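I am attaching a structure below and will ask some questions about it afterwards.
As written, the chain order gives the labels A, B, C and D, with residue 1 at the start of each chain.
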Amino acid sequence: MADRAPLGRRLLAEFLGTGLLVAVVIGSGIAAQRLSPDDTGLQLLQNSITTVLGLGVLIVVLGPVSGAHFNPVVSGVDWLLGRRAGTGLSGRDTASYCGAQILGGVGGAVLANLMFALPPVSISSTARNSPNLWLGEVVATAGLIVTIWALARTGRVGLVAAGVASWIGAAYWFTSSTSFANPAVTVARMFSDTFAGISPSSVPGFVVAQILGAGVGALLVIALYPDAPRIADDVVVAHPAPVRQETT
Amino acid sequence: MADRAPLGRRLLAEFLGTGLLVAVVIGSGIAAQRLSPDDTGLQLLQNSITTVLGLGVLIVVLGPVSGAHFNPVVSGVDWLLGRRAGTGLSGRDTASYCGAQILGGVGGAVLANLMFALPPVSISSTARNSPNLWLGEVVATAGLIVTIWALARTGRVGLVAAGVASWIGAAYWFTSSTSFANPAVTVARMFSDTFAGISPSSVPGFVVAQILGAGVGALLVIALYPDAPRIADDVVVAHPAPVRQETT
Amino acid sequence: MADRAPLGRRLLAEFLGTGLLVAVVIGSGIAAQRLSPDDTGLQLLQNSITTVLGLGVLIVVLGPVSGAHFNPVVSGVDWLLGRRAGTGLSGRDTASYCGAQILGGVGGAVLANLMFALPPVSISSTARNSPNLWLGEVVATAGLIVTIWALARTGRVGLVAAGVASWIGAAYWFTSSTSFANPAVTVARMFSDTFAGISPSSVPGFVVAQILGAGVGALLVIALYPDAPRIADDVVVAHPAPVRQETT
Amino acid sequence: MADRAPLGRRLLAEFLGTGLLVAVVIGSGIAAQRLSPDDTGLQLLQNSITTVLGLGVLIVVLGPVSGAHFNPVVSGVDWLLGRRAGTGLSGRDTASYCGAQILGGVGGAVLANLMFALPPVSISSTARNSPNLWLGEVVATAGLIVTIWALARTGRVGLVAAGVASWIGAAYWFTSSTSFANPAVTVARMFSDTFAGISPSSVPGFVVAQILGAGVGALLVIALYPDAPRIADDVVVAHPAPVRQETT
């Protein structure tokens, strides 16, 4: 625990990481729409490949500082699963993480809009409202949680970046919802009326499905990996340990 | 052997893994067909990239629990090649694995259909019936078996996820059959009349070709890597060892 | 420090690496334009995937010789951040690196033109001149610097190739400027009037934005990773250490 | 040296590996042409991504047996650079390797044709005859040689598969010749009059350029990595060492 970075630095990492993740998702969506106007599938391919690369590198770069959650449900599950062993985020830190993530996400939407010479904010009109999309969000979020904790609980934190990026990249396509899987990113995507946007009225349904999916994921973690070592859960918060290991 | 997870937990992992693999294959096929209606090759590109990412992460996540077979011929070869050294699955466990894989696969087809607002089950009408496709299945399955055991028998279990995902991704394209290479997945793909489907009458030919390919693959393993250490074959079933190694 | 290769060999590596990087960017742009004339987005996808693969392998191959900067702002930040600890490039070496990079880059543009049977040099007429593109360059370059030093300062130099290639690949799409992020490459791209070109009048704006972005990146490195070990900064220059480690 | 597999087993690996490599290249080219008839660039994208995945996994799987050359110029440079230290292939083994590679390659072309229900052999009519394409082959082959020996001479044999696959994937696009870079594969590609074919009259020019490129590559290896440890060159032939290392 003494190894953790100061809270301010961790919140900076969560702010930056979530912001850049949203900029990656929205920005590449705008570019795709402009450059390949004739084929929505090609746009999603460009959007999803960019997200795989961008999300992976953000986790690798910021993981040692804050754990690279970039996602309120990840922070929430970290708090939940870490409570018994006393290794997870505290309730207070969890709330701070969520705040930094949401602020960062909105900042990232504004940044993407500005980079493409659009008004800083425009409210999305893309409705994403139907039970089958919510089912997609449940599956995408549950898989995300299982991926992170399966790797943490088996001591393979170095694979989290590749694992999470791959899961999200696949879920872009095989869930019908294109895998938002993240309440902070969902909120932020309201603020750009472009390819990756979501209308405000569709947000609550998505967020509820994501929270449900996180619950399903946490139950699967407990079923599949019941014997979590103390240290494994800890590294989800921030993983200086493997880093040090590699420098020796 | 004492390291293996209880059978129930391993069967849960095989059920979930095969189910999600089928959901990945069928779901991304549906999305590709809807979003890129004008170019079948672009659809297959989207479908194959999604499968590479999804299959890789499922093996990484569930490998330490059950060995991440997701495939009756992999379980069968594990039983076959492990018999002499007493390291493989027992005959009874092999049968249980196959059952979990087929049930999971069908569940995954239903899940994919539901996520895309289709009826839970529709029987595929896509005929895949000709000797050249069967030859493709033989090649795809033989290569899959060689990939897994070459890595296991040289102590590089950590590369199985990337190796298997890469092989299947390549075989989607270079075999004419788009590389089903898996009887459980083949059976499951009957239950969705979409891009990745296969008509019931085409299933027996594919399954026979896959079993033949597995045999060819096992012979090549014996020819190329005759000196299999006991431990190497064991890790194909479930690989807690490298995990523990990484946590030290 | 005694481990460093002689300056001449390091300059050869920077010359070759920057040259081949430019050949990769320009050459794949020409091929993309010729082979997929109907969809600019598909061209950028081909161009960006090629750059991810080519940049990654060049860093892996030449990193142990020169540090694989291929980029004046990377060399500059190495000099700047390494001054205090005495680990970075000297001012003189930094200047030599920049010279080799610019010469190499121009050579790479000529090579690309010749491989595609074009005149050895043609001055680009593609204007890339607007504040939103400059913002894109600031973001792309800042992220590049943070990626390199975050990995170096946490002892994960072996991930720099994948990290940098992934970042640039993502930034091709999510920044509006397609992520030049490199003054030597920017200068070189003047010399090919093809897909990846930039008109001479647009170069100064891009270079200023890149220098600004490098400054922002250096500040973020100091904020996120203030406790840089001596050894970590050193390996940005050339990393024989991890190599030796792997051979033991 | 005592660690090497018997020559017969190594030749089997070279035969299989080169054959499957050619099947990957030709087979995916046929599939691409059939499925995406309207865009040659999309066909090359499908062809090149398949080759990256297939080549990478073949090197990983067969490397520990034979060194996974699959390429006469790689075997030739191994003989040449290893002579002084007595670590490379013997002249006789080099000749056997080349024979197995050419036979395997032709077999792979026949296999690809049969999988796609084409006549087993058809002579390609695709002319690839011009100095700018030959320049592309020189660059592609030189880079291939540098990639392999840079990694071998710095003790990073575990990165050869990813490095070689990435280089070839990039060179598909940025060299004008689509990077054959391999005399055995070039000869084999005469035997399929499809996307990846080459007319017999174009073969000599390509092979000469590849031999020239290999020479350039060998000189660059000596310039960039003059201090080759004995062990490093050895592992290019067959690398049991890193394997054993990983099992401990």
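The definition used in the following text is that contacts are C-beta pairs under 8 Å (C-beta built on N, C-alpha and C of every residue); 3 or more make two chains touch, one makes a residue touch a chain.
Computed from a predicted structure; not experimentally measured.
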Chains touching both chain B and chain C, listed by label: A, D
Centroid-based (C-alpha) most distant chain relative to chain A: D
Chain copies touching (chain C, chain D) - same or different residues, decided at half shared: different
Centroid distance [mean C-alpha coordinates] between chain D and chain A, Å: 40
Separation of chain B from chain D, taking each centre as the mean of its C-alpha atoms, in whole Å: 28
Set of chain C residues in contact with two or more other chains: 39, 42, 45, 49
Every chain pair in contact, whichever chains are involved: A-B, A-C, B-D, C-D
Chain D-touching residues of chain B, taken from the complex the two chains share: 39-42, 44-45, 49, 52, 130, 132, 135-136, 139, 143, 146-147, 150-151, 154-156, 158-159, 163, 166-167, 169-177, 220, 223-225, 229, 231-232
Complex contact set, residues of chain B against chain A: 9, 12-13, 16, 20, 23-28, 31-32, 34-36, 38-39, 42-43, 45-47, 49-51, 53-54, 56-57, 60-62, 64-65, 111-112, 114-117, 240, 243-244, 246-247
